[in-house]
Amino acid sequence: MTKGMLRKMRPTFIYALLGIIFMLAAPSVLQLFTIINLTTAIALSVLALSLALIWGYGGILCFGQVAFFGLGAYVYTISAINFGGSTWAILVAIIVTSAFASALGYFIFYGRVSDVYLGVITLTVTLIFFSLIRRTSGPEYKIGNALLGGFNGVSSPPINLPWNSASFLFPEQVFYVAMAALIICYVFVGWLVNTKFGRVCVAIRENELRAELLGYDIRAYKLGIFTIGAGIAAVGGVLFCNGVGRITPDIFNLYNAALTIIWVIVGGRGTLIGPIGATFALFYVTSALGGQSVFNNNLVLGIILIIFVLLVPKGVAPTIIGWASARRKKSQRRVRRRRRAEGTR
Amino acid sequence: MDLIVAVLFQLIYVISNLALISLGLAIIFGMMRVINLAHGEFLMLGGYTVVVATNAGINIWISMLILAPLIVGVIGVVVERLLIRWLYGRMVDTLLATWGLSLLLVGIVTSLFGASTGTTVSPPLGVLRIGEYSASGYEFFLIIVTILLLFGVWLTLRFTKLGLLARGTMQNAEMASALGVSTSNIYMITFGLGAAVSGLAGGLLAPITGVLPTIGATYIAKAFITVISGGAAILAGTTAGSILLGGINGIFSFIAGSTFGEIALLLAAIILLRLMPRGITGRFFRKSL
Amino acid sequence: MKRKRGDVVVETRELCMHFGGVRAVEQVDFTLYDRELRCLIGPNGAGKSTFFKCLTGQLVPTSGEVLIRGHEMTGAEPFEIASLGVGIKTQVPNVFDGLTAEENIWLSARRWHGESRARALTAETIDRLDLGDIRRTLVGRLAHGQRQWVELGMVVAAEPWLVLLDEPAAGMTHEETYRTAQLIEEINKTSALIVVEHDMQFIRMISRQVTLFNEGGILMEDTMDAISADERAREVYLGHRS
């Protein structure tokens, strides 16, 4: 890590620190019910982080990012049931999901498919998962000891202490694990986007042809970032099924696919903390609306998305950063003007 | 022999169904490069128009063939003026804004009518006999209507003044504008027409599928995939996409059940896009309508 | 100036590029020697830019061969060609609009060197091209001429042995054009160059051998003076016998 990189990562470290403080303080201040809900929100924000990486920084508009999230959750659940413990299951979930993503990514990027068409393919993938798994209700649909459960889903074994399947974690401890995972992933991604690899990915987003003309194999870079993003989404999936207690095929549906995109749009492409914040904000908005019929989730989410696309296309975080830097520049200009005026007197 | 006819009939129905639900989206995409993710909701609104109107006493044929396209067409024009107009050329943004619109429309309909409808409409027309097998007379009607609709769109594009202006704008908007065509109006009319076609489709399908606020979701994925796989040419693309994907869907459904039919369709779409990244008419029939 | 007789660094053999019925490039045999500076000229539609794109990998030739330093590179991907050490500047500036001038150049340098050498090389290139004032400006905000210079900076920072430039002087002021010509002369000390251009004054500033394209083929190859005096060349440009 160079000095320049450390300097660029300062905001990342600050937010990470805030996260650690929150993680340690929250269980003493908040109710258990809130902590459990938070765990789910944290899991979702890891998903948002993964899309913020591959779309916000990498320029890859993946409509079906939620597919990797759900796949990670399912692979974890099925593995944990079969292994009788969570330790290897978590690893298997990440590896299987990343492997799947790299196969899909190879297919897409080395086939030079891009833009909207990439969006269609990834959306189709999540819909395939949705269709497939929904119809696995019968007792004949199982992997090892684990029934797939069809549209009812499967109960997920909770995370346990490493290699000690008897001592599974309580909700409060799961919260710690989730926050720790979020913070680690966040710092990791914050570091990644400042490495040569990350910066080349950003360049590819800006102008693919120019990146190629500089000698970079853009297919390999896109494949790399896509796979990493899927792995992070899988981590989110593991946390999710621990927060909720089970995983159902609804995770793969259109609404959730849209929600993932909305988090990144609202939070701001090109930032990491923005989408994470947006996830929490929208999670609480939708929870507060509850199962209401009039001001229902769809209505509110639809309005939010439209408003953001039309009026705040950059998202919340970049807009705030824009204001802050514009005000700083204005006051710098004022100071300079004053100095010049004083100098001539 | 009768079995073959019956199976063929089903296959043709599946293909024409796909074409019917995709045509409105294809018109808008082919003309304006706008991917309207609220397309499913236009279908849904057409369905609701038919159910509400018919239950209020209006003749079902009038609700389906006149009211549904009219009302949804007007809604389409309003949407274009208020939302789509600001986002031309920004493909990703229109995608996202129409996604928001889709959620909004589902939300509004849920607020107005509740999450499920109490009453539905039963399909008019009775049963067709094909030897030992029976098929739905209504499905036969739908096949005919779909063919007529495709033909009608082709006629409009090819032989009317509006069609000519629309094609000109589609190929070179700046040039058309320099020649005095109000491209803004063309876009508005085209979007309205695309919406009307979607409304018509949704209305026609209401007796078969029933209506729910969320029924758009079942349409949008397939329509979206068919249009993108078909490529930019409105009619050739929709037809080619429907035949290919619908055909695969139908065949696999027949062999292994509807789940596998759906999955086969989705897989076929993925492979198709991998082989022809700009859709079928991006590679073949490029200059066709 | 006497042409250096050295290795052949770029060669095409019977190169053809057809688009449907249009024969944009037809049976072109072309040779470039080490550290040679060649200009490609010709009227619009003559095939110069199409030929250029066959060299950069942006187009896959219909038939024929492209050899770079003896390696068969026909139809190779642009990044494979760039990876040989070829610097490319396209007709329309292809730069990273959302990044600063410094970052643009850094990305080029970093392709070939580690962190510290890349940073040093970036700073050197910025000084050499006098881009110091705009190093922290987003390239998307720069004027056209400045963007072309950032792009040239990216080319130079990769320290290529072969440089392909498509209309480097397009849209530039007189002063910028002069500086570009000087830069090209400098680059020519260590690298071979192929420059596609329309601007006759600019070509006179830099040229030695000039290749005149017409209707998909090479009409003649000579110095600029010889071409200007030639009957056929004048007919091609002016459309009538003088």
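All chains are identified by letter, namely A, B and C, in their written order; residue positions are counted from 1 within each chain.
Here, a residue touches a chain if its C-beta (ideal position, glycine included) is under 8 Å from a C-beta of that chain, and two chains touch if they have at least 3 such contacts.
Keep in mind that this is a model prediction, so the values were computed, not measured.
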item: Overall pattern in which the protein chains touch one another (line/ring/star/complete/other); value: line
item: Reference chain C; chain at largest CA-centroid distance; value: B
item: Rounded Å distance, chain A centre to chain C centre (Cα mean); value: 43
item: Cα-centroid distance, chain B relative to chain C, in whole angstrom; value: 49
item: Centre-to-centre distance between chain B and chain A (centres being mean Cα positions), rounded to whole Å; value: 33
item: Chain A contact footprint on chain C (complex, rising order); value: 56, 58, 77-79, 82-83, 88, 90, 94-99, 103, 107-108, 110-112, 115, 154, 158
item: Chain A - residues contacting chain C, complex; value: 2, 196, 199-200, 202-203, 206-207, 209-218
item: Residues on chain B engaged by chain A in the complex (per definition of touch); value: 35, 83, 86-87, 91-93, 95-97, 99-108, 110-111, 114-115, 213, 217, 220-221, 224-225, 228, 259, 262-263, 266-267, 269-270, 273-274, 277-279
item: In the complex, chain A residues that touch chain B; value: 61, 107-108, 111-117, 119-121, 123-125, 127-128, 131-132, 135, 253-254, 258, 261, 265, 293-306, 309-310, 313
